[in-house]
Amino acid sequence: MRPSGRAADEMRAITIETGFTKHAEGSCLISFGETRVLCTASVEEKVPPFLRGKGSGWVTGEYSMLPRATHTRGSREAAKGKQSGRTQEIQRLIGRSLRAVTDLQKLGERQIVLDCDVLQADGGTRTASISGAWVALRLAVDKLMASGAIKDDPLTAKIAAISCGIYQGNPVLDLDYDEDSSADADANFVLIEGGQIAEVQATAEGATYDEEGLLRLLRLARIGCNNIFAAQERATR
Amino acid sequence: MRPSGRAADEMRAITIETGFTKHAEGSCLISFGETRVLCTASVEEKVPPFLRGKGSGWVTGEYSMLPRATHTRGSREAAKGKQSGRTQEIQRLIGRSLRAVTDLQKLGERQIVLDCDVLQADGGTRTASISGAWVALRLAVDKLMASGAIKDDPLTAKIAAISCGIYQGNPVLDLDYDEDSSADADANFVLIEGGQIAEVQATAEGATYDEEGLLRLLRLARIGCNNIFAAQERATR
Amino acid sequence: MRPSGRAADEMRAITIETGFTKHAEGSCLISFGETRVLCTASVEEKVPPFLRGKGSGWVTGEYSMLPRATHTRGSREAAKGKQSGRTQEIQRLIGRSLRAVTDLQKLGERQIVLDCDVLQADGGTRTASISGAWVALRLAVDKLMASGAIKDDPLTAKIAAISCGIYQGNPVLDLDYDEDSSADADANFVLIEGGQIAEVQATAEGATYDEEGLLRLLRLARIGCNNIFAAQERATR
Amino acid sequence: MRPSGRAADEMRAITIETGFTKHAEGSCLISFGETRVLCTASVEEKVPPFLRGKGSGWVTGEYSMLPRATHTRGSREAAKGKQSGRTQEIQRLIGRSLRAVTDLQKLGERQIVLDCDVLQADGGTRTASISGAWVALRLAVDKLMASGAIKDDPLTAKIAAISCGIYQGNPVLDLDYDEDSSADADANFVLIEGGQIAEVQATAEGATYDEEGLLRLLRLARIGCNNIFAAQERATR
Amino acid sequence: MRPSGRAADEMRAITIETGFTKHAEGSCLISFGETRVLCTASVEEKVPPFLRGKGSGWVTGEYSMLPRATHTRGSREAAKGKQSGRTQEIQRLIGRSLRAVTDLQKLGERQIVLDCDVLQADGGTRTASISGAWVALRLAVDKLMASGAIKDDPLTAKIAAISCGIYQGNPVLDLDYDEDSSADADANFVLIEGGQIAEVQATAEGATYDEEGLLRLLRLARIGCNNIFAAQERATR
Amino acid sequence: MRPSGRAADEMRAITIETGFTKHAEGSCLISFGETRVLCTASVEEKVPPFLRGKGSGWVTGEYSMLPRATHTRGSREAAKGKQSGRTQEIQRLIGRSLRAVTDLQKLGERQIVLDCDVLQADGGTRTASISGAWVALRLAVDKLMASGAIKDDPLTAKIAAISCGIYQGNPVLDLDYDEDSSADADANFVLIEGGQIAEVQATAEGATYDEEGLLRLLRLARIGCNNIFAAQERATR
């Protein structure tokens, strides 16, 4: 029995509110239950130094939690003067995931920065971030195409992410904070619409799992991502 | 004629949505027109080192803008590894202002941290922050009183802040971004319900002003703060 | 009765010793009683990136206290690896104040950096810094004009700063450390010769004040700044 | 055909030289072909603050590359003043992996720090680090047991890590630098002797893969880890 | 022929103005010609962690140059967020030198911090710092002895420092900036009254020297330090 | 009697293993007894900003200790976010020493970075670093000459470094950790083949020494450096 009363393969409610902020070229507030992340896409007409003059664009991600997004207040990374290893790990994952569905040549020599700021956390902030970042990216690219700056759509597919885990011996989908803090294993899957896998990060600190366990989690992840793909479709149609 | 079509003594619409996040002891999303700031109050059962064992509490503020709160994306302070002088100046102002209406003895040996995170900026973010922080503080203190942790109300009055400036030669109330970026002078007033002044920060970079000009701005500020006091009252009644 | 025995509207002795260091294009050691600040003006034939190629110059300020300028030794900001919020706030105020009396076009595409280093502190270090920085700036500009690098004088007026406060219920001029640490309210005024106001920063942490109180402090500030203008005139004549 | 001429399921030569440095409680120089990592285990009779007084120990990892471990010199993280996101990600992985085979209660209230310093890099530095860190940890624990400081062996199994990837369309084991820099997908597996999985990190930046692809990589990883387990056994017998 | 017209074994004028600042327990402004350093001694009733509870005191030094102490303005270390290697090297040298003439047991469990801030630089700032720091230390110790906090004098002797170098092939004493920037070799000697050597730092970047050259520099240093000992005696008598 | 049983003028065994890493243009593992330092020379076809376009090259050094090179683990400088004063002092010494035997004009507009990473420490790490860095530099320069990038040999002589000290009243050569931690005086000499002195750093913290003592240490240093020159010759012949 899950603390939330959900079935093992039941996701929390997903909502995506587009246009949440007015300055960004694309933006949405995505919720996985009580987890809420503000995702914005900013188009910059420049690329990182290693890409200058190569005709290719870049997509990158940044991530942060507001100090009181969590049960107890965390100190502000800007005040501490550095980003934690966890933050950097998640930022790298967001950027890598979105690049997996972007044709950087078609994007042209410009950069899109995806900022994912967690307003409220209840487990699954990195997966909500990736899923919402795709919506912000889609909206920003639509704007670039509408203005004629880009001709061919550089986005090759939808991408979404979801966490699964083994909670009290059972594989479950979309862990919330209560489950996450006592799960035996925790896996994040980034899947591409159509069935391909972009990324698997499966960790067992308290316990371990075998091949069959990994596959069960992957199958749950497919269920979850299909839900997210549908929500992304509704939000950007 | 103001870019927004407002009268010289007309504020933007103020909205205060309390309980915007669930973990904080007090929270609100405050809007001054298109400027939106998430304010949370976090109660911590500890005080800074210089107050330990003295029976007095503390109230402090932190401030940040999300990278794409603004027209063009600003780089993240956590990534740069330090907070700008502007951020620190605003943080100090928030804390000082809220302490001006808090009896720290009555608060008891605990700290309340007021986090003000700007989700969208259109001028006046520091004044919206102070005004919203009071609401979050009020809600958190109410909770402490309801639980019996505090007996006597430590909050002595409402406090609010507003910017005024001289725009194209005329004193105007509550500058938005368009006005702020071309104003001749810019003043922030922090006023206490009942008429007292907690803080004046009046700056003339492009121009200068005289005593009469300062008083005119102060009178506009009184109009604005009275509006904010009314909104604070509705939000916390 | 003030601890120093001064009358309410009586400033401490002001002395300005020009040419205190030999390398700077302009320099002075300014004293407000026991507060002593070394102010230097350094001319650099370059401007910050945002001004490059625009034909405009820049004036900026930096501020620091020697570790043992104060009653008890403070740790060195260079050793801590960052400047405090207070330091940054003061630096920004110095630069803004001096720019208020400088025609940046006439200065030409060069920068003048005003370094204010407090050798000994007894209250009023920021106001002594601004007042002394003007002298250093005046001397540096004179040198540029004498050499023919600048034709028209870019300095439009004298500028000076002074603190006032409410001490034991009475408005007093030019607070020293003993008064400052127990004052009910503290205000710094930056005034321009001729009567205009460049900046007001009035803070009430322990108490609050009303409009009449603010005006009284402003009138005291005018008395103080007139004294400083006279000392600046003597020093640079 | 692989650049090195190896078969798809063929690992590079593994060597483990124990006792490479004399001060550490456990140490080895592990080589996966031309990749060489110095792993040391340092026993400290203290635990991180969150574990104090709880009777539990801790195992953590740190990772670094010497500046010229690579083809072109990288700048020193100590000189830059911060560790890269990649470094922090690997450090977290090393610690998590080793904790997966350590009974922290049996370790007692002490910490073992596993330092993995890459002397020469040719792909697979993180997997060699984990595999060598286990040897250093084993030796340090043996010493603690020999001295009577620990009674029951806290290490529950061997653990090893290996990278696999899809190179020119084919799944291959133990990527070297030439393969790694042009692989379509890259996966790191951390496996426990006996068949359990501790961690999977599978990334597809240029391409993507499906469930079958993931399983094929996992099967290659099993072959590789079995080789490493044998080398670990020889080194610590 | 030296640029200054001095003889090879002729020092610049030494002046020592004690009591230059009022808060420090000991202070002086020391000048070696145009080089001027403000030295203060601050007594703190605590010791660094490694000495706590051992009944021994500590003496340490800090060093900084004001930004415009030099011909061209240097950026402020506090603004850059770190101290240069040169600054740290000099700080370590100041502390080590003063500890060479202090009996730390007799000092008791307290720390004396010697701050050396260069107001104007013209070569020899580190040697002036050490020589002036001794005077500040002597004055602070005298105060501790006068108050009864210390019984036996912990200072065992005078200590002074001077630079020598090979300028245009000739050994010369007390290099000023013009000589220093073109000298073939540069040596700093820290000598103790009575003839003992505390420290030698002799560097040849452009050229090299032999044993005889080293001895000649040492003999010049003796002449210079004897002058400084006499000035220290006059200043503290 | 020395703890190691060595005679006063007896060095520890010196070994130099060239080609220890494969990527660097020059590399060696140098051992002075149990002290082992990995030295690499990296050729970069660029120079620091202050040398650009001047036709001159540059040689610089970096130094680090692995965390467990020492008896007890030291924290990693990259994790602390800054290099210690000791590290910076040693880095500056390495660079200065190697430049003393390099004709930077002949090197051409390129930079050689000498990285000295201490794998195991037992006293004398800085002197082993300098001595080994010369071998790495020699090998890198040989490669540049073999490829025709440089015509005339820019290295003018061998350079080596050794520590000497006064241990229990007697001057001894090449202090190991046991001696170093209790020596009365400690001196590092950097000597050039043929008899010239590049650098002397002689420090007396616990005690002091006189001219005769300094000369005795210098004579011991000559014996030690002659041994190192011979080892360098064998390694690079």
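We call the chains A, B, C, D, E and F, going by the order they appear; numbering starts again at 1 in every chain.
Convention: a contact is a pair of C-beta atoms (placed from the backbone, for glycine too) under 8 Å apart; a residue touches a chain by one contact, two chains touch by 3 or more.
The chain lineup, named per UniProt: A, B, C, D, E, F = Ribonuclease PH.
The shown structure was predicted, so the numbers you read here are calculated from the model rather than taken from an experiment.
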item	value
Partner chains shared by subunit D and subunit E (touch criterion as defined above)	F
Cα superposition of subunit B on its sequence copy subunit E - rotation in ° rounded to nearest 5	120
Type of subunit C:subunit E copy interface by residue overlap (half), same or different	same
Chain centre separation (subunit A, subunit B; CA means) in Å	33
Separation of subunit A from subunit E, taking each centre as the mean of its C-alpha atoms, in whole Å	59
Subunit B and subunit D, separation of their C-alpha mean positions in angstrom	50
Multi-partner residues of subunit B (at least 2 other chains)	81-82
Overall pattern in which the protein chains touch one another (line/ring/star/complete/other)	ring
Starting from subunit E, with subunit F taken as the next chain, the full ring order	E, F, D, A, B, C
Subunit D residues within the subunit F interface of the complex	20-24, 27, 34, 38, 40, 42, 44, 62, 64, 66-73, 76-83, 87, 113, 115, 117, 119-121
Touch list for subunit F against partner subunit E, complex	82, 84-86, 88-89, 91-92, 96, 99-100, 187, 192, 195-205, 208-211, 213-215, 218
